[in-house]
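Structure in structure tokens, see below.
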Amino acid sequence: MAPVVGIVANPVSARDIRRVVANATSLQVTDRANILLRVLAALRACGVADVLMMPENGGIRSHVERGLARARAQGDDLYPAIHAVAMPITGTVADTHRATREMRLAGASAIVVLGGDGTHRAVAAECGAVPIAGISTGTNNAFPDHREPTITGLATGLAVMGRVPPHIAFRGNKRIDVSINDGATTDLALVDVALVTERYIGARALWRTENFRELYVTFADPEVIGMSAIAGLLEPVARDESGGLMVRLSPAGRTPSDGATILRAPIAPGMMASIGVTDWRRMPADVAFVPEVASGSIALDGEREISFTTRDRLSLTLRDHAFRTVNVGGCMRFAAQNRLFTDAPAPVSADF
Amino acid sequence: MSRKISMKTAINEALDLEMRRDPTVIVMGEDIVGGTGANGEDDAWGGVLGVTKGLYAKHGDRLMDTPLSESAYIGAAVGAAACGLRPVAELMFMDFMGVCFDQIFNQAAKFRYMFGGKAQTPVVIRGMVGAGFRAAAQHSQMLTPLFTHIPGLKVVCPSNAYDAKGLLIQSIRDNDPVIFCEHKNLYGLECDVPAESYAIPFGEANILRDGDDVTIVSYGLTVHRALEAATALAKDRIEAEVIDLRTLSPIDWDTIIESVERTGRLVVVDEAHPRCNLATDIAAFVGQNAFGALKAGAQMVTGPHTPVPFSPSLEDLYVPSAEAIAAAVRRTLSPTGSRSHGIAA
Amino acid sequence: MSENPFPLSKDDLLKAYRTMRTIRDFEERLHIDFAKGDIPGFVHLYAGEEACATGIMMHLNDNDRIASTHRGHGHCIAKGVDVHAMMAEIYGRSTGACRGKGGSMHIADLSKGMMGANGILGAGAPLICGAALAAKVRGDRGVGITFVGDGASNQGTFLESLNLAAVWNLPVVFVVENNGYAESTAMEWAVSCDSYVDRATGFGMPGVTVDGTDLFAVHEAAGEIIRRARDGGGPALLECNMVRFYGHFEGDAQTYRAKGEVEALRASRDCLVMLAERVVEAGVVARDELHRIDREVADLIEDAVRAAKAAPLPAPSELLTDVYVSY
Amino acid sequence: MSNERIKPIVMPKWGLSMSEGKVTGWLKRPGDHVALGDDLLEVETDKITNVVEAGESGVLRRVLGENDTVYPVKALIAVLADPDVSDDEIDAFIAGFVVPAADADADAADATPRYLFAETAAGTIRYATRGEGGPAVLLVHGFGGDLDNWLFSIDALAESATVYALDLPGHGQSTKSVADPSLSGLSAAVLAFMDHVGLAKAHFIGHSMGGAVSMRTALDAPDRVASLSLIASAGLGREIDHGYIQGFVGATSRRDLKPVLETLFADRGLVSRSLIDDLLKYKRLDGVEDALTAISSAMFADGAQSSVLTDLIAAAKTPILVVWGEEDRVIPAAHANALGDAARVAVIPNAGHMVQMEASSKVNALLKDHIGKAA
């Protein structure tokens, strides 16, 4: 069976209140569609013939189809065939869950995800062993790399067509599993779990630092934005090392009386915040952490998702190698070393 | 003190005086400052024909250039009026009403009635009307009858600088929406105008010439054509009374009726197209209310039922001439005059 | 009672619930009475969309202006227009908010900052730019909110107003109430770029999308946007995704909607039920307290209908009054 | 051509704004003997209709001005001559008559502005001045009037005097802010004006309220008032037609104002449309309504004149002329006799409150005589 690539493109990511309280980017629907056309062209260039796409009515698919029709009308064979996953559209995150599940069951070799951390998290929850190729829709994300999507498409195409060996093409990623009341409710985060005292979901986005209490990150990267940056500016932890970091923040906020350190961090695009940090420590894999915050909300990858009370029992556990992603840099380096994009044979036999 | 100034200057002066008197008066429109945001002079144009020139220097940000976006800024003027300002919005050419008429006739005109008398909308929409400027079909119309048709609007069309100033001041002070129509070919016409502020009440026609033989009713530019006709007729001992309506809504029926009851003859001159205009309106009203006084059928002298043409040779035929008005007067005086039913076309 | 985890005090929560319940009961009562033939003309019901009007209006005072739509009852109630006056207006009575001269589509109360429901789609946007301009000229920190449906968002007036508000940096919030249908036509078909946020971005202002059935989401997002506008930060757009429980107008058989769609929405996305469950579940409000409000609102609506039916029709002389302030 | 026995009758010029007039009717026929002051013909201007009186005596030999025909100012409209002048001589005179060019006249008008403005302690005061040498004469108009009320007098008086006519505060084109609307306040404004133009002393001619202002000035500053001529003057009794005052203050339209103005004249027909329009233009200026209301409340409250100066002015040493129109409907002509022997009194028949306009020749002759004697 020829490899099939799934595409999950979220039309409504990057529409939240950070557009108002900070100066976050808003990637237009037409630009999202253009990104997909670039990815599709790259997949096709690598030989991918069929793509399974999540249906949505936010406008991406209709724009993509116009692009495909234009190419057909001009006689160009630029794109793979697009197949929509047969499923009803609800316009909620359930669509992402359902589409990912269907793609996995249909045997997709990889899933290209266009969206923010939240969209990637939803795909990761359902993708099982199917690797993810992430594309960011904005500047407000920590998980997907910021990179020209054409390259992501090429790498994914090479990987699923078997032109790059799997141990180079894919790599494992960490995640934090959230369990409430012994698994009665479960969820996960790809980058960060923040415990805040606000006990409502509201407009979801996380930006009021005075309410932050505890932070758990899978990687602590000073080069990214958001919660991960807080940890990253204290003690960097790489994506590919085991375990993460746990940070405890001062309830007194910016004017700590408990000897906390003041950290200034970019918690949202263009938004520097002063945060009182009480202490931090490594978060080893497979060790359950029980937060000290008694009631509030759990924010997963920057968005408030679940509220809890003193009656609820929380536990957080970091898992190494929890799901796979396409190693774009690795694929492209391999392609170069092996002259995969030239018509001449590779001068050097790669050492697998 | 009084001195000779043009209608253009009189309008500028009225805006200046009212902005000085009342801080809630703001003035907005396309290029009314001219050059906002560009690299040259601040007050480069002062309106496309310079009517608002110099006001920016005196009143600053209370004069606002707008985007070329009539439905937005005319609507904004209406909304601001409903919220306590007294905006004067310039609709450069009244012909542009086509893109913002909803804000005028469905919003401004109806607020008071629809809201049970609990709103007032003191907005003034001023703009150029009329032919003779070689501006062709979309910049030359006399659309006054369309506005006059709408309950809730007041419609003003001055014929001279003195009236323009007093009527514009009244328009700004008035608590109802006012459509203020400025005939572009009258901008340069000068007359004695006091330097002080004064308001001319609406609904009072001006009698510009006394006469006992025939009543000529008009407004705007054609008032001057009617006066020319009256001067020519006087050589033949025909004395025409010339009435300048000044405001079309409200309209001064009493003055018209009183005059016709004395003269027994009526000629109505309207630069607008011939159907459903001020001429038909006044002729019908007089026919209904002073039929017994009429010695001949009322005559109507109007533009033809065509768009305004471009070529000067055609456009000059378009606007009612003094000769056409004089001929209409003679028709009312000839034994067969009352049998003339032709609509000018 | 538990500690209140919400961003609203218990009083505010109860007030919000009362507003939403009042809108719901008002509309459902009109639905019934319209079908009985008691009400003349057209009515467009807001049922299902209550969280949007309520969440936004909680941030406003009488000095702030709103320009509403043909579907304006909810905006009126949330902005504080008297329910008795509204009901009487819809019944065409002389005691109505507009003395029986406006009707459902033109209810206004300028003393409450309610600049009128509007029968012309998209017409409110320029008007609210004017209201905001007036606030800016006076420097009174007032803001203007205009509501527009997903359908009317295609009107030139709306798009021109986005530009004007951005150019003049006016304190305006454009609220797109996206219930998915422009009368009977699907939003996905009729709106070219499928995104109001993109449109806002194109006019140089931020746009935010929230779940319009979640009072807290609307309240929080609107709060930030309104504060920004009030502080001179300029205009913004707020898209509220919401659900319409009834047809475009009363009497609309809604054959353009999928079978079971409305039932499913009522079961899963009823903003009033969601609010009640959350506040009760959190232990902040007792179910009884909500029931008491339900009873009080039911009495209020019943009394408003009774009073409206008993009120005199406008006198014949009213035909000719209120055209001008003076003429 | 000059011929002392042949006297041309020309279209008169009443006030500086008049450029032409229409002959509306001859009151003498050719061949009639005409005495000085006889009514000759009626002329209508856009401002007013007035009778042209004979300035000299003789036989009306030729009538050239046709009825209902407009002639420029100074056009020859009739010839007066002794009976023994031959027709040939008259024909030659007519043939040789040259109407002064209108352009030259306009240039002259431009050279000396029609109106001047003085920035006085009482605010901006508009005034006009005519004539040179001779005694100084100051013309003070009445309530609601302005210096054009002296249209038919100013040039005649200027033949033998230096004449000033002003607009009182709140009137004409003077300031509309009236600091003190009482007689004393207006009198102070007149004195401020005199100071500004360097007028130490003048013969005061006051009409109506202007008469009372003049009397007040004579009482308060006797050395600045050489004589008083009081025309239909206020201040000589209580009675006044309060309906007129209220009507004038309250009128907002041509329709309201016309009947009010008609009470000013014995001949109601003299109230032309143009006269009404001019007054409406004045009344519509911002501040005028407030000024008139303030002045009328100060002077004519409760339907009567507040200040009666009869006793005081009778005791003063100033020479006084009192002139009244017999048919005055605003202030009764009976007030003419209020000063008894202290004044010279003339009551003119067929004239109303605006007697100086309705019977201008007679009034002008009286004024000249009075000033001449008092000087």
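A, B, C and D are the chain letters, set down in written order, and residue numbers restart from 1 in every chain.
The rule is simple: a contact is a pair of C-beta atoms (placed from the backbone, for glycine too) under 8 Å apart; a residue touches a chain by one contact, two chains touch by 3 or more.
Small disclaimer: the values here were computed from a predicted structure and weren't measured.
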item: If a chain touches chain B and chain C alike, it appears here; value: none
item: Per Cα centroids, the chain farthest from chain A; value: D
item: Most central chain, Cα average position; value: B
item: Separation of chain C from chain D, taking each centre as the mean of its C-alpha atoms, in whole Å; value: 71
item: Distance from chain D to chain B - Cα centre to Cα centre, in angstrom; value: 38
item: For chain A paired with chain B, centre-to-centre distance based on mean C-alpha positions, whole Å; value: 66
item: Euclidean distance of C-alpha centroids - chain A vs chain D, Å; value: 97
item: Category of the chain touch graph - line, ring, star, complete, other; value: line
item: Interchain contacts (touch definition) - all pairs; value: A-C, B-C, B-D
item: Of chain B, residues touching chain C in the complex; value: 24, 26, 62, 64, 66-67, 69, 71-85, 87, 99, 102-103, 106-107, 111-120, 151-152, 154, 174-176, 203, 250
item: List of chain D residues in touch with chain B within their complex; value: 68, 115, 117, 124, 126, 173, 176, 252-255, 273, 277, 281, 284-287
item: Chain A contact footprint on chain C (complex, rising order); value: 2-3, 5-7, 188, 193-195, 197-198, 201-202, 206-210, 214, 216-217, 219-221, 224-225, 228, 236, 239, 241, 278, 282
item: Touching residues on chain A, where the partner in the complex is chain C; value: 11-12, 15-17, 19-21, 26, 28-30, 57-59, 62, 91, 198-204, 295-296, 307, 309
item: Chain B to chain D touching residues, read off their complex; value: 1-2, 162, 166, 194, 196-201, 204, 206-207, 210, 237, 254
